[in-house]
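Each of the next two complexes has subunit A plus one more chain, namely subunit B in the first and subunit C in the second.
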Partner chain A sequence: MGEAMVRLYNEESLPLEVVSVVDFEQFRHLILGTLAGEAHLSALFGVPQDRGVRLYAVVSDTVHGSMGLAATDVGDSFPSLTPACPQAHWFEREIFEQWGVRPEGHPWLKPVRFQPPRRGTTAPSPPGVTDYFSMEGEEVHEVAVGPVHAGVIEPGHFRFQCYGETVHHLEISLGYQHRGVEAKLVGGPDRRTIHYMETLAGDTTIGHATAYSQAVESLAGRRPTMTAQILRGVAAELERLANHIGCLGAMAGDIAFLPTRNFCGRIRGDVLNLTALICGNRFGRGFLRPGGVTSGMDPDQISRMLARLDVVEKDAEVALSLMFDAPSVLGRLEGTGTVPAQTAASIGMVGVGARASGLARDVRSQLPYGIYRYSSVPVCTYTTGDCFARAYVRWVEIQRSFAFVRDQLGSLNGDGFPVKPLYPGAGRLTVSLVEGWRGEICHVAATDAAGKFLFYKVVDPSFHNWFGLACALRGQQISDFPLCNKSFDLSYCGHDL
Partner chain B sequence: MLNIIRARLQQKHRTIKYPDAAPPEMPEKFAGRPVVVGRCPDGCRACQEVCPTQAITGGPSGPVVDTGRCLFCSSCVSICGEKAIAFSRDHRLAAVSRESLVIRPGSPLPADVLCETARKYFKRSFRLRQVSAGGCNACEADCNVLGTPVWDMGRFGIQFVASPRHADGILVTGPVTGNMREALLKTWEAVPDPRVVIAVGSCAVSGGPYRDHAEVHNGAGSVVPVDLFVPGCPPHPLTILDGLLRFLGYPVTW
Partner chain C sequence: MERSWSAVPVLMALVMSPFLFSVINRTKAFFGGRRGQPLLQPYADIAKLLRKGAVYSRTTTRVFRIGPVAGLASVLAALALTPLGPSGALVSFEGDVVLFVYLFAVMRFVTVLAALDTGSAFEGMGASREVQFSALGEVAFFLGITALAALTHRTSLSGILDALGNSPEVHGGRPVHFLVGSSLFVVLLAENARLPVDDPETHLELTMIHEVMVLDHGGVDLGLIQYAGCLKLWVMASLLAGVVLPAGSVHTVASAAILPAGILALAVLIGVVESTMARLRLVMVPQLLVAAGVLALLALIVVPG
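And then the complex of A and B:
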């Protein structure tokens, strides 16, 4: 059997050398063994060494509330984990693309971002040019969409293999938003680091800035004040509210239920304005810094916030009840874009997508951090895994988030400012998990002897879930795509980095 | 049906009166147009050193802020002992020339926001194809907001359309990644003349936080000719709407 994975809790760090490097067979054995239980792969990535590449794996164990870490050194190839462990597939493709290390036996080895390799000199293929899965037959046709889409949305390329109206396969090709962030994080933190974090996915500014701040705090061995933790929680739930409300409004738009679409577009803005009330920026830019938050709320602001929250909550309730009470809406959502629980588990889905398929995965309650250590948020799940389930989970989470924000604002007192600059400790490693509004955000960071980042790995929830969308489309009609896509509401920039 | 009408009454009419009346007040801590108010002690470069995007240079009579590069993070304000830089709550930042985005001590508001071509051809009907080219999706979100009932840019005949063939111009967000360069160029080429290009957000204006990364092109201007620059990270919806209206020649007094 050999030893177990190195255990680590959220908001903790370890001396880097504690994560001992094992041989590949043992690495594989440890990962597969842990994943056989109630655990999923949070990260699997390469770090260049003098010779070859070191692979790190992070597995989140939702039963014990801890994470397992393992490392191994590989040369130019290793036997792929994907055939035994499908949730490794996207990670292994990334390792292949970034570091030129080939997972032998990977069934689906092609670029994920069309980025230049960070090791070696292989030229990348032009964006979107790859060996697509295709069907052949007299009445089979292929539909290609993107990178520029019909709406105001981010770029991505989609290929549908259709027979008649039925989509037999959807392949998603991304990378158009790749701007080279991870490579620039190495050697930090520097004056741009926090801005990279706030713009990894702009609609998840608070989520990623929380993960980063928490990573630096863990590396430094410090915790922010209670006030700062409460305010971070309030900002995070406001972010969840704004995006979930916006998502449901857009879903209503995609099925031509216009009243809810119009109301929600506006209500989303009203919630963003609440975030601006705290820190001046609608997306929460500039609010979180390692060590705490940059501004507080006085009693007058708190009472104004509570008053506005009442109005927004009432508006949201009316707008969304309208949608969920309309039989025509339910008829369109139910049974569309189904991802069965077993599929969701095997491909390693997280967040709303996973919960809608019945998987109880929520970092806030399973590997709690910050204010969620003290105030728990119940995990909302549903069983059907279809567009209705993804919409319904969001609606329940909206209600819970309103309650949480109101509760936390009531316990706020106002001390703990200003934030003092905080720097990571030397020679340490940490994994920072946060439940962003889309799902699990994972940042893995390690520092050198000078306290600078040796590597900094970012896994946005979208990285886990894009393939879930591809699975949801199987057997659907092509006209179901906009609705299914919106029901997942994934990030292109968070994936492409 | 009755439920929908009841909900409609409950949600009320929310479209703002702007530009016929004052726009909604910006939040207290909002960082809008920077104001350079003082001189710098000899040799002090504190604000330049802390700025994440090298948006600040030193001038003979005080710091010079390039709002096209600025992320509005206020790091410079926090570090400056002389209070030589401040961010006002003024949302008006857009300009048609890149040079007008640079704010010096005593700089006027950009007067050159009107585009004669746009006023002549597009004032009553302005259709834009949005191209997202490598940013963080916050600028896109705030462009989408302009279509909601509060801002309702359809009042001015401004609308986002699906095809570049139906468009009078493109609105670019993001620094233009290497992977999006060709798609942006093809979209622009597909728009019939006369056409305009609007760069929204510090990424599209200058590359933003990704400036000088090998993977990006430092903004829309390095690929297509830009007619209107809207700074901000992301710009407030009001900043974008203000820029669009004055670009088209609407009288905006606020």
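And then the complex of A and C:
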């Protein structure tokens, strides 16, 4: 007891054996002790061993800018951490589902994705078929929405327990998009790996590809060139811009504020076209590879990009000020779907959702990586935690991202962009944290003696935040659900993997 | 009043009412920086639906099938009571204002019954909202018409509107026109599922009011519902135009044109409202409707004499 967690910085790797396996009591003690400070749980997952399962925990310490790692071996069950540490609840459900290891005392042990177990032979139930929390009473009614929705969106099932128009409980059941990516990544990297990464969540292509490239680079002990880092940063901010603008436009659509909805839909496309200007693909597919980027920008491209950026920024400014200046919009957003800071912290929210509730959580400034080591990005927070706060944080981040992209393009000088194939070192472990546009993306990878992936764990920000949406709906009007949902703008496939 | 001319407004409503939606749509497209759909699209939509077959859920009964037909029938009956300009309505008798208001209630009643008949949670939710809001809207509607009746000492719609246009003694009632007009406008927006009460464009069933009640209708039934919706908007808009515009003071062709123009202007106004404000939070809608009721009550109080 008393030993600290193994400390690791972003873009660093360790020999696998440095993460010593401790007994469960100490594991628990280390995690709870670290989480008592300014830290949150970035990942908690199982890795199969010859006998039993090894649990790894990654805790991000935002004050010291480092991560803490701990590991323990468990058999068929272990005492659940959730009662003492609610942010572990979704992770423990995942561990139970994937490896059949039961967290004893977990208050709500149900499948997360309804995926086939990766160990043992228990048959999974079809997605959505499980017990739901329910209320009873003459005037209580249950509303089930999905998995097929009225809009062209991904599948997910929502179960509302309502008393009149008021939602008392929302249960979110996902897993319809499960593809088994994590299992497929074991034994890699191979030619498929990067494509899995780029499509973990299609709208976060740059985010996940950055996290993966960074993981492989750390395992190999190499850093990409400065130019490549700048271009990655530019692509990441363009991705943030496109998605934030699209999200605000969709929120405007949900409250029937048409001007902003119409313009933002178009402006989002304009921003995606800027990404296409760099690499030929609107989502940045094929742009990032471990070791660098696949295409550069010549001075002509840079000046064209800057010119188009001016136009796009002006349009976005007009469309979004219109929205934030309209009293009817503010009246609709303020006080809707509030997540108090304490709730956000205890359930371990990340990204825009956390920042809107006043938690300063931004990997770019707290555990900086790539270009953010040299050019810091301010953390944009708001205090109220409602739909307005989430919209407003996005709006401020849009303004910051425009400035950042313009700044970086100015410092870009066109040298070569060779991407040499990069191979991970043998027997090493790394944690790669990236601030995608939704929030913290965490990739944990370890290699065997041959330099192949022993395991590869992906935690999309949506995995942390879906439960935040459920909390935001408590006591709200059911008619406000679409707005709340859009204000979080979470990924189904990023969660389902 | 020459009866032979009374059929003209009815025919005009039957033909022109879907065009109101084109006007609203074009206005919104203008504000949204878009071109908008073709002007005859609402007609094409209804024609398409009328050619289609319908699918009926096994949980529904005859009530579900009667809904759209009965709804259209009641709005047609309301149309017959609606005067447009000097020619008066097709049917008119003392006290027909009560029938007029409650024909809309009948239309709502059959729509709600059909919605409840599906047994769907969404449609039940929509029905509950519709009934709640219309209970408040009806008060405002009725108070407004009562104020007009008190002003003109008439109890038939044709009589009221005729007096509003022609009798010099009611010209002292301009505040009444204004107050009742404002109140009726809010009621019109609520009754016709327009912003800021309902969002006619949304696909989100959890936020809908009127749209969600007709989710299970398809084909001919949906075509009838949409056509009835067009007529309802036309009827209420022509009532509002008759109250606000000083038409009828001269029995000429110009006065006959002024009301249809007013109706189209109202459609533009609806488009402007929908382009410049967000929808109200659902819990705020009752406040808006109560405010409309208060305006109408105020009109009743300030009626001269």
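Operating definition for what follows: the second predicted complex is superposed on the first by the 495 of 497 C-alpha atoms of A that agree within 3 Å, B and C clash if a C-alpha of one lies under 4 Å from a C-alpha of the other, contacts with A are read in each partner's own complex, and residues count from 1 in each chain.
The working rule: a contact is a pair of C-beta atoms (placed from the backbone, for glycine too) under 8 Å apart; a residue touches a chain by one contact, two chains touch by 3 or more.
Values in this document were obtained by computation on a predicted structure and should not be read as measured data.
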item	value
When subunit B and subunit C are modelled together on subunit A, clash or fit	fit
First, second, both or neither for A:281, with subunit B first and subunit C second	first
Larger contact residue set on subunit A - subunit B or subunit C	B
Partner chain(s) touched by A:262 [first = subunit B, second = subunit C, both, neither]	both
First (subunit B), second (subunit C), both or neither touched by A:151	both
First, second, both or neither for A:105, with subunit B first and subunit C second	neither
Partner chain in contact with A:33 - subunit B first, subunit C second, else both or neither	neither
First (subunit B), second (subunit C), both or neither touched by A:192	first
Subunit B versus subunit C as contact partner of A:65, first or second or both or neither	neither
Subunit B versus subunit C as contact partner of A:325, first or second or both or neither	first
Subunit B versus subunit C - smallest C-alpha distance in the overlay, whole Å	5
Shared contact residues on subunit A - subunit B and subunit C	150-151, 259, 262-263
Complex contacts: residues of subunit C adjacent to subunit A	28, 31-34, 121-122, 124-125, 128-129, 195-196, 199, 201-207, 274-284
Footprint of subunit B on subunit A - complex, ascending	113-116, 126-127, 147-148, 150-155, 175-181, 184, 191-192, 195-196, 198-203, 205, 259, 262-263, 265-266, 268-269, 273, 276-277, 279-283, 285-286, 295, 314-315, 318-319, 322, 325, 491-493
Of all residues in subunit A, those that touch subunit C in their complex	141-145, 150-151, 164-165, 252, 254-259, 261-263, 326, 328-329, 331-332, 336, 477-483
Residues on subunit B engaged by subunit A in the complex (per definition of touch)	3-4, 7-8, 10-11, 14, 27-31, 49-53, 71-75, 129-145, 147-150, 160, 162-163, 174-175, 177-180, 182-183, 187, 208-210, 213-216, 233-234, 236-237
